[in-house]
Amino acid sequence: MRQAVLTGPGEFTIAELPVPEIGPDEVLLRVAACGVCASELDIYQGAAGHASYPWRPGHEVSGVVERAGERVAAPVPGDPVAAFVTTAGYGEYVAVPAAHCFPAGDVPLELALGEPLACAVNAVELAGIALADDVVVVGAGFMGQLAIRLVQLRGPRRVIVADTRDDALARAAAAGATATVNPAREPLADTVRELTDGAGADVTVEFTGTQGALEVIGSCTRMSGTLVIAGYHQGPPRQVPLADWNWNAFRIANAHFRDEATILRGMRAGMRLVTSGRLSLEGLVTHRFPLATIDEAFRTAIEKPEGFVKATVTP
Amino acid sequence: MRQAVLTGPGEFTIAELPVPEIGPDEVLLRVAACGVCASELDIYQGAAGHASYPWRPGHEVSGVVERAGERVAAPVPGDPVAAFVTTAGYGEYVAVPAAHCFPAGDVPLELALGEPLACAVNAVELAGIALADDVVVVGAGFMGQLAIRLVQLRGPRRVIVADTRDDALARAAAAGATATVNPAREPLADTVRELTDGAGADVTVEFTGTQGALEVIGSCTRMSGTLVIAGYHQGPPRQVPLADWNWNAFRIANAHFRDEATILRGMRAGMRLVTSGRLSLEGLVTHRFPLATIDEAFRTAIEKPEGFVKATVTP
Amino acid sequence: MRQAVLTGPGEFTIAELPVPEIGPDEVLLRVAACGVCASELDIYQGAAGHASYPWRPGHEVSGVVERAGERVAAPVPGDPVAAFVTTAGYGEYVAVPAAHCFPAGDVPLELALGEPLACAVNAVELAGIALADDVVVVGAGFMGQLAIRLVQLRGPRRVIVADTRDDALARAAAAGATATVNPAREPLADTVRELTDGAGADVTVEFTGTQGALEVIGSCTRMSGTLVIAGYHQGPPRQVPLADWNWNAFRIANAHFRDEATILRGMRAGMRLVTSGRLSLEGLVTHRFPLATIDEAFRTAIEKPEGFVKATVTP
Amino acid sequence: MRQAVLTGPGEFTIAELPVPEIGPDEVLLRVAACGVCASELDIYQGAAGHASYPWRPGHEVSGVVERAGERVAAPVPGDPVAAFVTTAGYGEYVAVPAAHCFPAGDVPLELALGEPLACAVNAVELAGIALADDVVVVGAGFMGQLAIRLVQLRGPRRVIVADTRDDALARAAAAGATATVNPAREPLADTVRELTDGAGADVTVEFTGTQGALEVIGSCTRMSGTLVIAGYHQGPPRQVPLADWNWNAFRIANAHFRDEATILRGMRAGMRLVTSGRLSLEGLVTHRFPLATIDEAFRTAIEKPEGFVKATVTP
C-alpha cells in the first residue's frame, strides 16, 4: 500500500509498504480521509524542536472497515467509522483497535474527522459552560468553528467570536455566533463589555496558540470567569499577564489532554452528535488532496487562502 | 391592597391589607402574575402535615417596579421583572430585595415566572448532562416541560419523555423530545434501551414526585448513569429499590435547593435565556385567573384538565 | 490446587482444581489471604435472590507473585501484592492481570486487602469532605473502621461515629473518632446537633446497609449537607424519607462503583497510603481461618462475636 | 484612636482618628494583631504600579469584640475573633460585619490570622488533592508553611517542599514534609522524580510569585497533573513554558479568589481547624512590632532575616 512519509522539512515521499497486520482486538481500516492538523505544520516546516525524520504523520482518520480481528464484535467489515490513530494516517490502510473506532453512520466520511472533534468536545466540556453564560471564542479556524458549534449546544446566552480574517467571521456568524469581532479593526474587550452588560464574558476560549491571544483574553473576561487555553502554544515560552489573571481570580483551563480514555470519550460524544444530526460539520472541509499531492495539502494549510478551513488527504 | 389568604383547607379569602413598606435595598412590585405551584396544592387540600393557617402562599411572581428603595440602583420604576419571593405572592403588591429581581425584557410578564425556571435550571445543571448524552425525562407537566427545553440546550443526543397524559407527550414532542413514551401503554425501560443502543440513558430525571417514578427510573438508566430526583416527594416515605441503585452504581442527584445564592443564580440564568430568546416559554401558561377566583385556579391545577400545563393568578 | 466452592447455602466444598493458566499480561498469585466480605454472607445463607450454585466467591485477595506473563514488567515473582479479583479468591492461586496488582511493600499480607480498601477510599472521596467539615460515620464494622481512618486523613473537624456495639465504638475512638454514640442508648441526632453548633454534620456516611440507618442519617445532617450511602442495601426496597431529604436539599451520594478504572484508582490510592505508613490497618483483621474451615469463617462473620472486625481465609 | 497611614513609599504616619461607627449588622473590634502581608510590600516600596497615597493597609486582623450592632446575635462583646477586613487594619479599632468574624476560641490572638489562612485553605482545596497524592510545595514562607500543614490534612502520600532558605526547609520538615529540597543545591525535578516512582508529583503548588518557580513547576509534575499558582505574580508579565504545559496536559489552577463568599468559607474552615486543634500555627509568627514601629515591621518582612516567617503589628 502507499503511505506518505516525511523525510525532511517540506519533503513528503510516497512509500510502498505492506498492508499492516491486525491483532485479535484490532480492525484494518481502508482510509477514506485524513485531515491535515495544524499541529503538524510546524514539524513539516522544520520549525518544531522535537521533530525527527523520517516521520509518518496523520492522526485524523476516517475509513471503512476492511477486516476485523477475531475477538472484534463491532465494527464489522463494511462499517464506516471515525478512528483514533496517533500516527501514519496518510496512507491507504491503518490498523487500529476496534475500541478506537466510532460509527460514522450516514455522515460523509470526509467529515467524520473524530480526532479533532474529540479535542473540541473536550475543550468545550472543560470550559464548564453553564446555562446562559456569555462565551467568547478567539480564533475561528477549523477548531474554532467546531467549538462555536459545540458551544451553541451548551445553552449559552451570547457567543462572541473574534478572528482577524473576515471570511472566518462570516462562517462564524453563519454557524450561530451572536456577534463577531475583527480585533484588527475594533478592540475586542470593548465590544465584549458592551455585549455583556459591562461585565465581561463568563468563559473565553482561545484557539489560536498565539502570544497575542494570551494578551487579550483576560481583558474580555469577568472577575472569577474562565480562560480556556485550547490553542497549542508551540515554540518559545509565552508572556502571560499573570498579575492580571491572579487579580481577576480567573479559572485557567488548559484544554489539552493526553489521557486516552478522555480522548476516546470526547470522540464518542462528538461522533454521537454528528451521526444523530445534532452537530453539522457541513462546509468545514474546504480543500481535498489526493495522497500524491500531500505536499500541496500541507502548503495550503500553511497559507490558508481565502475561504480555507480544513484540508484533507484522500488516499 | 387585596391579597389572597388561605384560612383553611380549600378556603381562600381576599383580604384588604396595606401596601407593604420597602426597605432601602428593596423595591415595591406591582404583581403582574403569580404562578400556582404544585407544591402548594397539598397544603391547599389540607393534605400536608406541616400546614398551618392562615397561610399566604404565592412565590412565582412577576411584576413591574412601582417604587425603589433609596439604595437601589436597578431595577428602576417601570421595569418589568421576575422576582424571587417566598410568600404572599397572590396579591397586588410585594416588597422584594432589588437583588432578587431579574429583568424580564420583552417577555410577556405572565411567562416571566422566574422561580420555577430557577428550579428547572438548577435541576438540569445538577443533572450534569454531557455533550451527546441520552436523557430521559419522566413527567411532562410544567416543570417537565421547562426541563425538556433546558435539556435540549445542553447538547444531548436523545431526549426521551415519558408521561401518562398523551396531550403532555404531544407538547413534549413539539418542544423537541426525540421520542415520547406513555408508560401506561408501553414499558418505558424497553423503549429506552432500544433507543440507546441497549445501554440505557446516561441521565434520567423524574419530575413527578410519585412512588411509581422511583420504581421505573433505575430501569431506564445505564450502569454508572445519573438519576435526578427533581419531583417533590411529599407525604409518606418512598419505597426505593436501593439494592438495584447500589448495584448499578447510579449517581443519585437530589435536585432540590434551599441555598438562596443557588436559587438566585438559577433564576438569573433562566431569565437570561428567556430574555435573549434562547428559551421560549410560549404556550406553557394555559390557564389564567383573576385574584377573586383563586380557588378556581387551585382546583384547576389539581384537576389538570386536558391541555392544562400551568395556571397563573393575575391580581 | 485447592479452592473453596459453595455448592449450596451454607455448604462449602474444597475442590481440587488445576492451577490457573496465565495470559501474557497476567501474573499467577499464590494467595496469602482472602477477606470474607459482608456482601457474600447473604448468598452464603441463601438469602440473596440472585445466587446460583456452584459459586466460587472470594474477591479480597493478597498474595505473592509466583509467575509473570511474558509482557509483564511489574510485579515480578516474589513481589507481595494486593490484587483486584472478582471471583474465586478462596483458593491457593489466582491468575490476575498485572495491572490489577498493587505493591504491598512491608505491609503484612493479611492486612493488604486492597479491594475493600478501594471501596472505602472511593466512598470517602465521593463524600467530598472539605477541610474542617464535621463528619458522621454510621456503622463501625470493618468498612466503617476503614472509613473512619480515611475520613481522618481528609482534615475534618469532628468525626462522630455511631454503632450499636460498644466494642466497635471503642475501636472507633481508638482510631481517632472525636465522639462515639450508641444510638441504642442516646438519640444520634441530638448528640450530633450538640457537637456541631446545632447545625448538623456536613457529611454523614452510612456503612450499615440497613433500613434503620436510612431513617436516621437525614436527622444528623445540615441543610444542603451530604448523605453518603456506602452500605449495600441488599434485599427488599428501602423506605426512604424522601420528602425530608428533598426539603433539606441534601446531596445524596451512592458510594458504589462498578467502573473498573475507578476501583483500580481507589485500590492504588489505598495501597499507597498503607505502604507509606499514612494509613494503618493494624488490628482490623481479628479472625483467621485456614481454607479447610472456611464455613467457620463465614459463620463467624455472620455472628460477629464480641471483638470481631474482619475474618480472612488463609489457604 | 491611632491608625497607621502610608503617606508615601516607605513612610508610615500614625494618625489620630475617631473610633469608627458601627452599623446595625457590624461589630467594633479592638485589634489584637494585624499581620504584614507580602502583597503589601511592593506598595510600601513604591514598586507597585497601582499604589496611590495616602493608603491605609492592613487586612489580616484579629481582635476582641468591643461593641456589637443592634441586629448582631453573635459574636458578643468580649469574644475573641479573626476578622475579614479589606483595609485599615493597622489601628486600634476596626468596624467589621459580624458575618465576617470567626471565633478564635483559645487560640492566641496573634496566631488567629484568619485572612491568610483563608487564602491557604482555598488554595489547598482548589488543588484538589486526592487521597495518596504526591504533592510538591514550592516556597516555604508563611503561606507555604500554612499550605504544608493543610496539605498534610488532606491525606497525601508524599509532601515534598522546596525553598532556597535552609531555615525554611527545616521548619517545613518539622511541619511534616516528607522531603525537603533546596533547588540552589539540587535539581528539584530530579529529586521529585526519584521520590515519586519516576512519575512526577500529582499536584505542585507554588507560593513564591516568582518567574523561576513558573519555570520549574512543570518539570516536577506528572502528565495530567495539577499546577497550582498560589503565589501572587505582581509586576511584569511572566514567561510561561506553555508548550510544555500544553503537551503535558496539566490542569492549571489559579488559587486567587475575589469572591467574598469563597473567602469567608475558607476563613471559617481555617478557624474551625485552628480552634479545634486540628491545625497548629504555633511558631509561625516570629516577629512582633508595636504600631509605632510599623516601618520596622515592613522592613523586616522585606529583608526576611534568618528565622523570619511572619511579622505582626500589635497596636
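Every chain is named by a letter (A, B, C and D) in the order it is written, and numbering of its residues begins at 1.
Just so it is clear, a contact is a pair of C-beta atoms (placed from the backbone, for glycine too) under 8 Å apart; a residue touches a chain by one contact, two chains touch by 3 or more.
Predicted model only: the values in this text are computed from it and were never measured.
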* Chains touching both chain A and chain B -> none
* Same-site or different-site touching of chain A by its copy chain D, using the half cut -> same
* To do: Measure off the straight-line distance from the CA centroid of chain A to the CA centroid of chain C, and report it in whole Å.
  => 44
* Geometric centre distance via CA averages, chain C-chain B, whole Å -> 41
* **Junction residues of chain A, two or more chains touched** => none
* To do: Would you pull the chain B residues touching chain A in the complex into a rising list?
  => 121, 124-125, 130-132, 150, 153-158, 268-270, 272-273, 276, 278
* In the complex formed with chain D, which residues of chain A make contact? -> 214, 223-224, 229, 232-235, 237-243, 245-254, 256-259
